[in-house]
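See structure below.
In order of appearance the chains are A, B, C and D, and numbering begins at 1 in each one.
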């Protein structure tokens, strides 16, 4: 039996993952920044939000489907970009994409994937997005974009929240190192990233940040490709207008799962502010802490067009490859539909702010 | 000695219950939805409310009695509908109804009772209510209504908050199954409910919800019977007008004890909003987390005509049958009278909002 | 050595007390009502309050002295009325009054003292107050008043918050009973109190409350004696005018140490509301949770003329009789003076609301 | 290896410190006042504050440098005054000043330093400040000032929040005493301080406070020296005008690390109020709970010109002398630069209130 018998929620997958993976790798994947305050805040903010249901509504034509970037989306759940899936399973991203296809889930492939992006695309049965950073050398960035275009990726996801690495003390204490045979194969032969390792004594402000990405870089990238470009890591509503002006096709509200700067707010707490500012000019997605169908309902209610799910994918992949990832994604889809039914919402448009309950005086 | 010697509160019954019942059954009965946030919220909300007493008031004619649906109610405490009392005691609902009669407590019999509804009615010394769902086939619903009418039930309680089952992970992990010999005897021979099991892969939105109950179903039911119909599971004040229009005789604010959709608000937190909207047009009751006499006082103060008590009944029933249920109900009645005396309230009408203390600035 | 060497705070006395006293007696003395929410709230409310100091103020003539009921009070700390001091020390109230005298602390003697009230008065070196309830038979109440007057007591403290006993589950579970040889000697030969034991099945509303005290009883008592009468157990600002009209000489804001009705607010949270309503017409005192000199400062700042300290007296008495009670009271006096010095307050009049810090937006 | 291998944050140094130092000394250094509420509040307040980043900003000329009291400050991190560094390392303040010099960190030398102030100055590679109290005899205060001037100290830090010692129960329970050979060598031959030991029975208000420092003392000191005088321990905005009038050159918001009066607010919670009142007339610094680069960013955002770091210096000094102190300071500098980069702030002037996120309705 591939799925352990008592595995009925994403928390169960995390538990099984934690008991099977060795500590250093676990620290890398769990990997909160600094004291883990933001990582915990992502969950606490969802748990704090209360739902206000409607009773006895007509659910005979209920559906979780919608449109995103001009394509039909069966469920508003997308696999988030994560590096090195092969760390937890020998098939790595190939297993993940198989599970995504089985469950009709869109998937974002990381620029640090441990499998060639073309091989992933060949296995895909549905839309793929490709995540990248603005690299120090423009020609390298362009090369990545062209490969993604050629392989049929439908959108680019530009990560904008990591001009330097975060303070990853858990990972540092555990002494994690990439094992032999696993690497960012799509970056082979390229200059190392301009990221500054956030280790004591590093010259953070001594030169390397000169190449950190800016809004000019976004404009340049948008001009180079016909693919829609989504900006991942926007937290500030004041950055929304700049994103629109730069040509972005979408925004992903994200605090990098609490892995970069600690004490950033929970993603779900800033989502409504960003969505309000976007005012429909471009779709707003979010990631950070999604573990339950009710979390997805809350994100939709607060302005998200869809959500991205990260760590649970690696948890399930570690436990049992494609089968478990598909099972995990199905749990999440089912829970989301149950949440829609029990709040009396027959489609995504009905999931508006009125489903969020604010206790008077609280 | 049937009552264990250190049993002086409902929490003591829960403790004894937990130590005597095997884990899978315990998980079924405790059975919170998902992460148990709403179930805990039910308690936390009561514990957070503070009481503001009056001193030295005349209590010489104090009484906890009132009128409900045209009948005299000795105490505003009613047994909530719960399935399969025989799971915890061989006499099941027959023991419960005996205890209710002894303590002059009204009782709601579940449509999933493990004893024929007529047998329960025969043992009853006071008013009984009958809980039901709108079933897929109208003729089956009608058959249940006619049996309840014939057996002398005084009201119908229609549960409206469960068009699909909740995500009961605790129960799923524990692998609970109904033991042989215990079943919903009153539903024998009927088609299974239209409820969709919330298990991974279930086609929540694929067909079965077409038969989920709607306001039309409520109107239809109210037209079929002279019994008053109370709607159980209303949380949204915006559903109150619809309930009145549909012909409901009362509303029971309920989050199903935290067993359906997790992260619903505490019942006591929405009660005042629902009661305000009802504005006396129909009585508002509530359930969810009642464990102390002070909880009842708070519910009355915030607009409830009476409260329903669920799990504590099964706890006491498991510990010692009718004797312990009667003892438990007496504890609750006594605590409620003590709370009235110590806040200086001589009758239910005096238990208004002024007994709730709101810390300035909190 | 009578004082254990690491005993430098009231919490240390409580720790030593807990390790020396047998569980049933400890449960009686710690004795919170129901779930202990109010008892914990008393402490949490003090701990939550923040102080805003002034720097570099002239403290050369600093003093903690004041006037209360026309007499000079060296420190605003008074021993609260508590039953049966002999439960924890053979000398009982005689040891307590010795310690009070040594530290120039006023003391309130309980109507349930375990030593004759006259004997206590003989040992006293400073003012004593006498606490009583309005008894079922007026002539008995009067007899007590006359004895207190004759013995030189300076004021009467009428407890008004206990028309019935609270739900003392801790005490009930521990099965506490008064040991032989300890009793309310001052009530010998009188009819038992009209209090209703809050045990399951008790007929709370069946007769006995007819004799519960009312405002008429207060008026009657004030008319019978020249001693000032303070009302202990007032929590509601709306009861202040009634107290003034009835002839009360002072009010003691109290939730009975969390021993009567659970989920009453912390005393310190209602104190400012009561003090505002009193508006100087009569002094307002408070008890409930005082364990630190900063607690006293906060109570004075929020309107108290003085504070009463209860359980810590029994803790210290149990640990080492009069010596430890005197030591405990000295700790409290010292801590209060340190708190005055470190907030820059040279006398009680300077301890106003400005010493309480309210975090903006909190 | 001097730096233990898993030491990547200030918390790691605290952990190693706690495991190496004997309990009484640990209690002295950790040494919270009373119940430690303010000490914990210092941390909790930082952890509660949320950051709002800007994305994709130009960081090519980023710098953490600024000007303070007319001198160039490389990083806004200053070593706080702490007594007796030799308690944890044989070289004491000489090792600390070496680490400060290596990392271009300014240092404040305590009047209770365990090494002659001149010897510390000789080893210094950067600016030093000298901390002192107004002593009972003016001539002694003057003597200290003259020695500090002669040794090249750049500023005086007058501690104003300790007219009496705090209630240090942890230290008292642990029975800490200064070991032989360690003393306040710079005070040799002088009369003991006017501080009143806060031990039970101490005559807090009986005479010694006559010599406690007042605003007159500050005026007098400012008139005696050309060195700028900073007042350390100001918490109340109402004291800011008095500080300006008295001639102070700067204010250090401080609750003495939670070591004096317990239940004072967190320093970071009053900093913005003090900074607003200062309105640029004099620089405002702060200490209390700084453990992360994000803490420094928050302090700057709320009005601090720089922050002082205390206990972490002793932790690192205990673990490995100058090397570890330098390592610890480098961690803090690096974390601060990372926090600037990840919030998109290129210099201290850009770290304004907009970097603090206030959740709407929270």
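FYI, contacts are C-beta pairs under 8 Å (C-beta built on N, C-alpha and C of every residue); 3 or more make two chains touch, one makes a residue touch a chain.
Values in this document were obtained by computation on a predicted structure and should not be read as measured data.
Comparing the residue numbers each copy contributes, chain B and chain C share less than half of them at their mutual interface. For the two copies, chain A and chain D, the CA superposition rotation is 90 degrees, given to the nearest 5.
Chain C has its Cα centroid 41 Å from the Cα centroid of chain B. Centroids built from CA atoms put chain D at 59 Å from chain B.
Counting partner chains per residue, chain B shows two or more touched chains at no residue at all. By the touch criterion given at the top, residues 34-35, 37, 41, 160-167, 169, 172-173, 175, 196, 198-202, 204-205, 209-210, 212-215, 217-218, 231, 233-236, 238-239, 242, 260-265, 269-270, 273, 358 of chain A touch chain D in their complex. On the chain A side of its complex with chain B, the touching residues are 5-6, 8-9, 11-12, 46-47, 49-60, 62-64, 292-294, 298, 327, 330-331, 334-335, 337-343, 357, 359-361.
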